[in-house]
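My questions will all concern the structure given below.
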Amino acid sequence: MLIAKVVGTTVSTIKDEKLTGRKLLILRQTDETGAPFGKPYVAVDTLDAGVGDLVLTAHGSGGRQTALTKNSPVDAVIMAVIDHLQVNGEVVYCKE
Amino acid sequence: MLIAKVVGTTVSTIKDEKLTGRKLLILRQTDETGAPFGKPYVAVDTLDAGVGDLVLTAHGSGGRQTALTKNSPVDAVIMAVIDHLQVNGEVVYCKE
Amino acid sequence: MLIAKVVGTTVSTIKDEKLTGRKLLILRQTDETGAPFGKPYVAVDTLDAGVGDLVLTAHGSGGRQTALTKNSPVDAVIMAVIDHLQVNGEVVYCKE
Amino acid sequence: MLIAKVVGTTVSTIKDEKLTGRKLLILRQTDETGAPFGKPYVAVDTLDAGVGDLVLTAHGSGGRQTALTKNSPVDAVIMAVIDHLQVNGEVVYCKE
Amino acid sequence: MLIAKVVGTTVSTIKDEKLTGRKLLILRQTDETGAPFGKPYVAVDTLDAGVGDLVLTAHGSGGRQTALTKNSPVDAVIMAVIDHLQVNGEVVYCKE
């Protein structure tokens, strides 16, 4: 899984019918302190995450192992909202 | 999923029989404003997308979760045409 | 899928039994004009492609959705030989 | 599989229900001597690994081939704790 | 598939039970002449390959399409030992 920050939202009228009602959020991968890097990607949100949240995303077929994404043409899902991250015994990120 | 711009088309006479009638488009990944970067890749179009459209592509086995791509030797599909993208509360891309 | 050029061939005596009789070609990814870049990779050829051909390769489980690669320990297949590629309305590659 | 070092832990209250009770650790890929490089990623721990351990992680659907991760929305699992690594006949890493 | 050189071995006492008796080798990807580059990765050996051998590795679910790796938490397998490689009509690698 990747640590990522929710940075935005997408709107699509024309889409695969299995995506009707699905929330597709824009994310950027972050390091363990929540600092984003690299280019944005998009994942299905099944946990009502919001812009600014630090989350974990599962990719590939792992992105379809939820009730809302099963058998859909998607390859990434938000499967956890992060409360805090600890590295080498020190808290490096804490949700506000 | 990746945000990508449709930049071109492919024509192949010799191909796997399951690809007969499938439209294979050339795309380039973009950032959240629709600016392309990196090398081109190819995805099956099931939504009648056109050159210049900003779309989302699902990769891997996710690319075969549509009626038109099921069981085909493909690894990417266009599953949404983007209307607009919003980042940190600001609209950063809007379809013309 | 990736656009790639067939650049060579492999010979292996010791291999998984499901690969007996399979042609494993060496490819390099190319841009949309057929110019190769990056390191070589290997894919199963099911279309009798030849060295110099520009092809499309499907990766991951998509590489096993053909009659010749089903259930084999492979992760890439040539599933189309490219005739021509068009980018922004202009032909940028044409098979000789 | 990747060689990786366990560097930290994650805590999430809001998560997919299949992740209840799962330990999600932060890792960084290492070279063959155990020297980390690159950005962190997260994997499910099924072996009671601890911070500082050098481990192997399996990715993609391979991450769900354990009793604890089956059918869960995850894409990486720790499937071995490394005792020692030998390169070109020389021991380059040994667990303390 | 990737062209790779076997460079070392791993030993793990604590591991998923399905890995009991499996040989996990350290590899580095190579170019078509057998020159290694990049960071090491680990694959299951089902062909009794040895350190120094040039091999092909299949990744992802393709790594589990052998009798020895089926349903195991692994994502890469050695599925061929290379005898020779030919690029543009010239032999560029030949097993000693």
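Letters A, B, C, D and E mark the chains as written, and numbering starts fresh at 1 in each.
The criterion applied here is as follows: contacts are C-beta pairs under 8 Å (C-beta built on N, C-alpha and C of every residue); 3 or more make two chains touch, one makes a residue touch a chain.
All values derive from a computational prediction rather than experimental measurement.
Between the contact lists of chain A and chain D, the overlap is empty. It takes 145 degrees of rotation, in steps of 5, to superpose the Cα atoms of chain C onto those of chain D.
Between the Cα centres of chain A and chain B there is a gap of 20 Å.
Chain B and chain E, compared by their mean Cα positions, are separated by 33 Å. The multi-chain contact residues of chain C, meaning those touching 2 or more other chains, are 60-61, 63-64. Chain contacts here close into one cycle, and each chain has exactly two touching partners.
Beginning with chain D and continuing to chain E, the ring of touching chains reads D, E, C, B, A.
The touching residues of chain A, counted against chain D in their complex, run 1-3, 29, 31-32, 37, 46-47, 49, 56, 58-66, 69, 77, 79-89, 92. Across the complex, chain C meets chain E through its residues 7-16, 18-19, 24, 26, 39-43, 51, 60-61, 63-64, 71-76.
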